[in-house]
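Below, chain A partners chain B and then partners chain C, in two separate complexes.
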Partner chain A sequence: MTAEISIRGVTRRFGAQAALDGVDLDVRPGELLALLGPSGSGKTTLLRIIAGLEWPDSGTVMFGGQDAMERHVRERGVGFVFQHYALFRHMTVFENVAFGLRVRPRAQRLPRAEIARRVHTLLNLVQLDWLADRYPNQLSGGQRQRVALARALAIEPRVLLLDEPFGALDAKVRKELRRWLRSLHENVKVTSVFVTHDQEEALELADRVVVMANGRIEQVGTPAEVYCTPASAFVHEFLGDTNRLECRVEGGRALLADGTPIGRAEDIMGSAIAYVRPHDVTLAPAADGPGIIRHVHAVGPLAQLVVELGGVEIDVAIPADSWARLGAGRGDRVAVTVQAGTLFPQRATRGIPMQPLLPASPILSLVRNNTVYSGRPIHHPE
Partner chain B sequence: MRIDVNQPRPAPAAAASAMSRRVVRVTESAPVRWALTAAALGFTFLFLLLPLASVVVQAFAAGLDTYLSALADPDTLSAIRLTVIVALIAVALNVVFGVAAAWCIARFTFRGRNLLVTLIDVPFSVSPVIAGMVQVLLFGLRGWLGPLLQQHDLRVVFALPGIVLATVFVTLPFVARELIPLMEEQGAEEEEAAISLGASGWQTFLRVTLPNLRWGLLYGVLLCNARAMGEFGAVSVVSGHIRGATNTMPLQVEILFNDYQIEAAFAVASLLALLALVTLGAKLLLEWRHASELAATRRR
Partner chain C sequence: MTQAGWISGWRKPSVLPGFGPALGTTLAYLSLFVIIPLGAMVLTTFAHGWADFVGAVLQPRVLAAFRVTLLCAFGAAALCALFGLLLAWVLVRYPFPGHRLVDAAVDLPFALPTAVAGIALTSLYAPNGWIGALLAPLGIQVAFTPLGILVALTFVGLPFVVRTVQPVLQDLEREQEEASAILGATRLQTFTRVIMPALAPALLTGFAMALARGLGEYGSVIFIAGNKPMVSEIVPLLIVIELEQFNYAGAAAIGTLMLAVAFVLLFAINRLQRWTRLQHAD
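Presenting the complex of A and B:
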């Protein structure tokens, strides 16, 4: 499959600071790609370079096999949706959407009636036809965003680029608009790249996620790939909640500083960082267990706990019913099992999966939340 | 005190009205507010309305016929014509310079940008008389470029070009000063959006940049126009006071005044004041007619 956009060795410096440092990336036709990273990771710069609003110091950008660097923004056929929408404030919604069709050279310009028809079709697509005569300042944030999208789609772009498309909206509207954009993309099928710093947004919306940090790409993959098999410590920390545990690996076991074992790992030795997601930790009642419950927040479907283990505090999230069955409270001792994790040895670029201490057999995993280790009867709180 | 348990509670409405009586004004006390209002109105009356009214009263003191004949005087008519011509040229040049300068300053960062911003303010900080002197120094008979101009039989000083140059110098900052903060606040995103939608540079400028600037531009033009018509000091130096040829309205007022033609002086003065009022009236009218659109372009 040939890439719709292929980026090779793109570098951009602002003074001494490298905003982008040798970035290679392929965008596939028809996909919805997320550029995800913290602020200052270079994601917006990369998007603007794809659009042609900014130029790289070195490297190339190809559109469908053709060098895009030779082409000016207006010739690239990109629809750019700005973070703050950048609607033309002195034009009505209709005029805004029609703009791209009206500024075409006379020979390529559509007849007036055809332009009006296309604009109304687009406004219907974004469900805003009834607002055609309003000015941008009379619209809500979500409506402005959709007008900006319709305006960008009007020129039938080969690529749609969105800079923090939901950044300026409140949480509820953001969630609705996210779903809506996903279904719109399924209808329109235009190759789209969007920038976001919100990992939830990227994981929910995108076909593939590009995780960026410090002007470099850390990992490219499907949401499941980047979440479950993060390629670097950064990706692990950036995507979702995680515990960062300093440990050393001896004899196939990962040990905390005080020697408490947390998991098994083959083929490595020496100090390493273990990343463990809170929901990958399970607890079991054990009066002499190594863990001590330090804090409990048990409202909602998950009980959020802080458990002290081997001198460090670990965030743990277990289902509310498991927590109820555990029957423990603050200050109680528990057995702690790390079901999964990733180990990053010093100076390693790739992570190594960490297995639970006891091999997880079907029977064990069935009774995991009960009292296998300590031999106590199942305890039900009244 | 005995509390009667059976006593009916005050109705909610009564409670509410009791509350509303205790409205707390988060502002200055009444005497301060009255004093400030009186001061503002007093100054407006004393320094703005009273002089204007006295100009009009003086102008018509000897009757309407005298007023009209004073204005019909050939020298006065020539002064009016010259003033209008100078103002038109100055405003046009100011718009071109103002838009170009504001665009450069607001859209690009370059070495010497701050210096340019400061330089634009020079005419405001320099006395107009100096502005006139500079023209004489440059283009006068004994000036740097004087001999060259004379060879080609061109007159700058004591002629229309000198008056225009002096006026342009004095009014230079008006449009640029209005536009620079406006453009900086608006940012370049709309222009980038226009270009990404396929608009050429000119299309972007004419359809997006300029419409967004039109109100700032209008204010700049009105201020510039008022100043261009009223400028006295700089023009006085370069004009040479040739009656019927190089006198603008302010100069004509002075000459008539010095000639003890008080009524005529005030007649011309009232006309000059009227021009200023018409300009302000036009601004008000436009603001009133386009109120909603104005709000739309101001706010994001």
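Presenting the complex of A and C:
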């Protein structure tokens, strides 16, 4: 499969600060790709370079095998949805969507009636045909967002680029639009790249996720891959809730500072950082167990606990019914099992999986496999 | 219906307090400084009767002065709109050394006594002045012709356009232009279809203010105009001349006509502006 967009060695500096530092990336035809990272990670700069709104200091951007850098932004055939939509305020919704068709050189311009037909088709697609005569300031945020999308699609772009498409919307609208955009992408199938700092958004929406930090790509993979096998400590911390435990590995066991063992790890020795997701920890009743329950928040399907283990506090999330069966409360002692985790030895670029101290029960591993392959990791409200 | 009922029906309830005092102050101010003086002038004019008014106004010299004043004020306001827009554009869009100095210099025509401006312009544009000497071989004479009036009025009117357009240009989202380019528009299309419609109301305001200033300008013009009757004599000067000859009725008549013309023009521009705003539904 040839790449729709291929980016090689793209570097962009703002003063001494490198916004992008030798980025290589391939975008496949028809996929929905998320650029995910904290603010300042260079994701928006990368998107703007793909669009042609900014230029890299070095490196190349190819569109379907052709050098895109030779083409001016208006000739690249990209659709761009701005974070704050950038709708033309003095034009109606209809005129906004028609803009890209009307500014074409006369020879390529469609007849007036054909433009009107296309605009109405697009407005129907985004379910806004009834607002065609309104001005942008008469619309809600979600409606503006959809107008911006229709306007970007009007020129039949080969690539659709979206900068924080849901950033300016409230939580409920955001969730609806996300689902809607996903189904729209399934209908239209245009190669799309969107920028977001919201890991939940990236994992739910994208075919593949590009995790960025400090102008570099940390990992590229499907949502399940980046979530379950993070390539770096950064990715592990950035995607979903996690516990960061300093430990040392001796004799195939990972030990906390006070010597409490938390898992097995082959082939490494010395100090390391263990990342453990809250839902990868299970508790069992034990009057003399090493864990002490310090805090309980048990509203909703998951009980969120803080458990003290070996002198450190660990976030634990267990299903509400397991919590009820455990029958423990604040201050009680429990046995703690870390079912899975990732160890990052010092100066290592890749993480090493950490196994539980005792082999997991067959039922538990079945549940865990399900989680992995469905591609819908469990999320905890933050 | 009682008067109170009429007022309460006309006045919408508002959370802002102090409607009464605010309206009272406004009306008192407007009366003292605007309506009473202007009203007195109109009264003086028509105290002598309609025939006298028409007779005073329909003199060839008066009509010629009106023609010169209106043409020059319109021309100057148009030039101001053009160059003011350009200047505002450069000030907002291109950072250059001395940017702040130029920005401050724009306001100088506001602060400078207009007579000083007039004398400075005259000495520059006179046939033996720095610029006048360059233009003279080309057969162009600026000082002591209507062209000189145009130069003076453009000078005093420019800040109005710059200062009304500049903030709007500053607030114009850069992203709108980027969106336009991505959608395939050329720079010219972006300018005419995206930037100009957003600037039009402000530009029109600036134009109207420059025009109003040009109609009433006196100090800077009288030095450079040469003040030849029928050629380069402006209405405000004519009024002063009438006053100096103790022809108060004539002066008041010309002043009243000037007032009417200015009011009609400004009102028309105001309506036009309202219309463009509605077009853009801001």
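Keep this in mind: the second predicted complex is superposed on the first by the 361 of 382 C-alpha atoms of A that agree within 3 Å, B and C clash if a C-alpha of one lies under 4 Å from a C-alpha of the other, contacts with A are read in each partner's own complex, and residues count from 1 in each chain.
Note that in this section a residue touches a chain if its C-beta (ideal position, glycine included) is under 8 Å from a C-beta of that chain, and two chains touch if they have at least 3 such contacts.
What you see is a predicted model, and the numbers here were worked out from it, not measured in a lab.
Taken together through their common chain A, the two structures put chain B and chain C in a clash. In the superposed model, A:340 lies in contact with neither chain B nor chain C.
By the touch criterion defined above, A:188 reaches neither chain B nor chain C.
When the two structures are aligned on the shared chain, A:3 is found in touch with neither chain B nor chain C.
Contact with both chain B and chain C is seen for A:73 once the two complexes are overlaid on the shared chain. In the superposition on chain A, the residues of chain A contacted by chain B and by chain C overlap at 51-53, 73-74, 78-80, 82, 84, 86-90, 99-100, 103-104, 135, 137-138, 151-152, 154-155.
Contacts from chain C toward chain A in the complex involve residues 173, 175-176, 178-186, 189, 193-194, 197-198, 279-282. Listed in rising order, the residues of chain B touching chain A in the complex are 189-190, 192-200, 203, 207-208, 211-212, 292-293, 295-297, 299-300. Put simply, chain A touches chain C in their complex at residues 51-53, 73-76, 78-80, 82, 84, 86-90, 99-100, 103-104, 135, 137-138, 151-152, 154-155. Taken in their complex, chain A has these residues touching chain B: 51-53, 73-74, 78-80, 82, 84, 86-90, 99-100, 103-104, 135-138, 151-152, 154-155.
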